[in-house]
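By letter and in written order, the chains are A, B, C and D; residue numbering begins at 1 in each of them.
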Amino acid sequence: MDIPALRAFLIEAFPQVAQDFTVERVDDAGIRVRMNVGERHLRPGGTVSGPSIFALADVGVYLLILSRLGPVALAVTTNCSIDFMRKPAAATDLVAEARLLKLGRVLAVGDVLIHSEGTEVPVARASLTYSIPPR
Amino acid sequence: MDIPALRAFLIEAFPQVAQDFTVERVDDAGIRVRMNVGERHLRPGGTVSGPSIFALADVGVYLLILSRLGPVALAVTTNCSIDFMRKPAAATDLVAEARLLKLGRVLAVGDVLIHSEGTEVPVARASLTYSIPPR
Amino acid sequence: MDIPALRAFLIEAFPQVAQDFTVERVDDAGIRVRMNVGERHLRPGGTVSGPSIFALADVGVYLLILSRLGPVALAVTTNCSIDFMRKPAAATDLVAEARLLKLGRVLAVGDVLIHSEGTEVPVARASLTYSIPPR
Amino acid sequence: MDIPALRAFLIEAFPQVAQDFTVERVDDAGIRVRMNVGERHLRPGGTVSGPSIFALADVGVYLLILSRLGPVALAVTTNCSIDFMRKPAAATDLVAEARLLKLGRVLAVGDVLIHSEGTEVPVARASLTYSIPPR
């Protein structure tokens, strides 16, 4: 699946959050997904909330897996380990760069680095495992 | 901090999400927090979303730490490892039972089991680490 | 599998480390496994090494799964998240208390608390996922 | 600390395991550490054991932190999340490539990819957090 196909899938399958995310790149190396940060993602002081950062990590690796398997695959997140390392820039978009480490018959594993738009230092890192349903 | 104090803190510090959570018990053994599941927490089919389950785990252990340290403590989540083990019951409240495993000078560690109201089998488990700021 | 069966399995399948572990209890609630701490598990100062603590966590949940599935099951560890919370007592046995949170068709999840013999405060906690091979 | 300094530190501080590891590269990008796989690291069938893979991940990130902070720093592992993704090649050295994601005042975070010598696909990945003692 390419960027338009991932976008269409997101709107179809997750209409509540589809507008929160923009796939900026998907290729052999991985995927880059932007979180379009809005009021609903923020905590007092303008910090992006932990659950929003988690959501971006999950969406990033999930879409990367779908880009390999196609839209029929209903992968389910089974584990996520996430490190919150720095405070995100206030009221600024977040960018996730994810890569796939394993795409097996029953399990897929990917990891992701997240940074605030305009900086390079990572705000968070996460690794996620997905259960792949039998065809 | 007891239940009314935790409630007041939540409303003051996290007004956007305070109404999502109800502290049902806090004592020496730990804390029980209910997520008042609404439309905004659901995915198509009525499943509670992963980020919402993450939010409940985080709030549960965070409030448990505050109940020990008092409201001045601005603890920050540094790590979360979460296992999603079963699909939550559709459109049903979730209940988190958390306990504190370490409350050190600079780090606190807790873990949490989450189940759907009315069942005993766990939907998710998580362990979380918080950085405690110097007094 | 009961305690003698687990012991026989350990000697048969993992002869190099079988003598390091003693199953003290296995029942509906979970399993208790002791690590018979020796020179080879220690770091300078008498602290039990991190890899040894990891090994105890892994063996504990693994044997618990085997006690449910029987010896034919070649479960494989796919993920472990472990928190090291306190320094173990010097040159003292470690005791792991593990419980099973999920025993599915393809994945099993358990968690474990580890303490030094003679104390109650946890040295470490871990959660582990295993892939269960098709029958 | 450069490679000879790290080597000297390892022999001094961890004499039991120093001969298991060889630092092959340390620079601004990170560190590469080889595990000199021997009988004691193997399980029946020639697979490198889980605790040995954990040890390599831990040593890799630990030495990387020391290369930045110098030998006085007694960093302590507080968390490790590790994914075992493929079976290592039988009786073959393992190579870890680690990078540092955060080096803060009280916490450091790094992650690591591990593969069997002679192949590129990862056997395991891990992320680790260390507590840095006050100076």
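Criterion: a residue touches a chain if its C-beta (ideal position, glycine included) is under 8 Å from a C-beta of that chain, and two chains touch if they have at least 3 such contacts.
Remember, predicted model here, so these are calculated numbers, not experimental data.
Pairs A-D and A-C differ in how many C-beta pairs touch across them, and the larger number is found at A-D.
With every chain reduced to the mean of its CA atoms, the largest distance from subunit D is reached by B.
Subunit C and subunit D, compared by their mean Cα positions, are separated by 23 Å.
With centres defined as mean CA coordinates, subunit D is found 28 Å away from subunit A.
Averaging C-alpha coordinates per chain places the centre of subunit A 33 Å away from that of subunit C. Residues of subunit D in contact with two or more other chains: 78-79, 81, 83, 85, 129. The touching residues of subunit B, counted against subunit A in their complex, run 13-16, 40, 42-44, 49-52, 54-55, 58, 76-85. Listed in rising order, the residues of subunit A touching subunit D in the complex are 81, 83, 85-86, 101-102, 104, 109, 111, 113, 122, 125, 127, 129.
Those residues of subunit B whose C-beta lies close enough to touch subunit D in the complex are 78-79, 81, 106-107, 129, 131.
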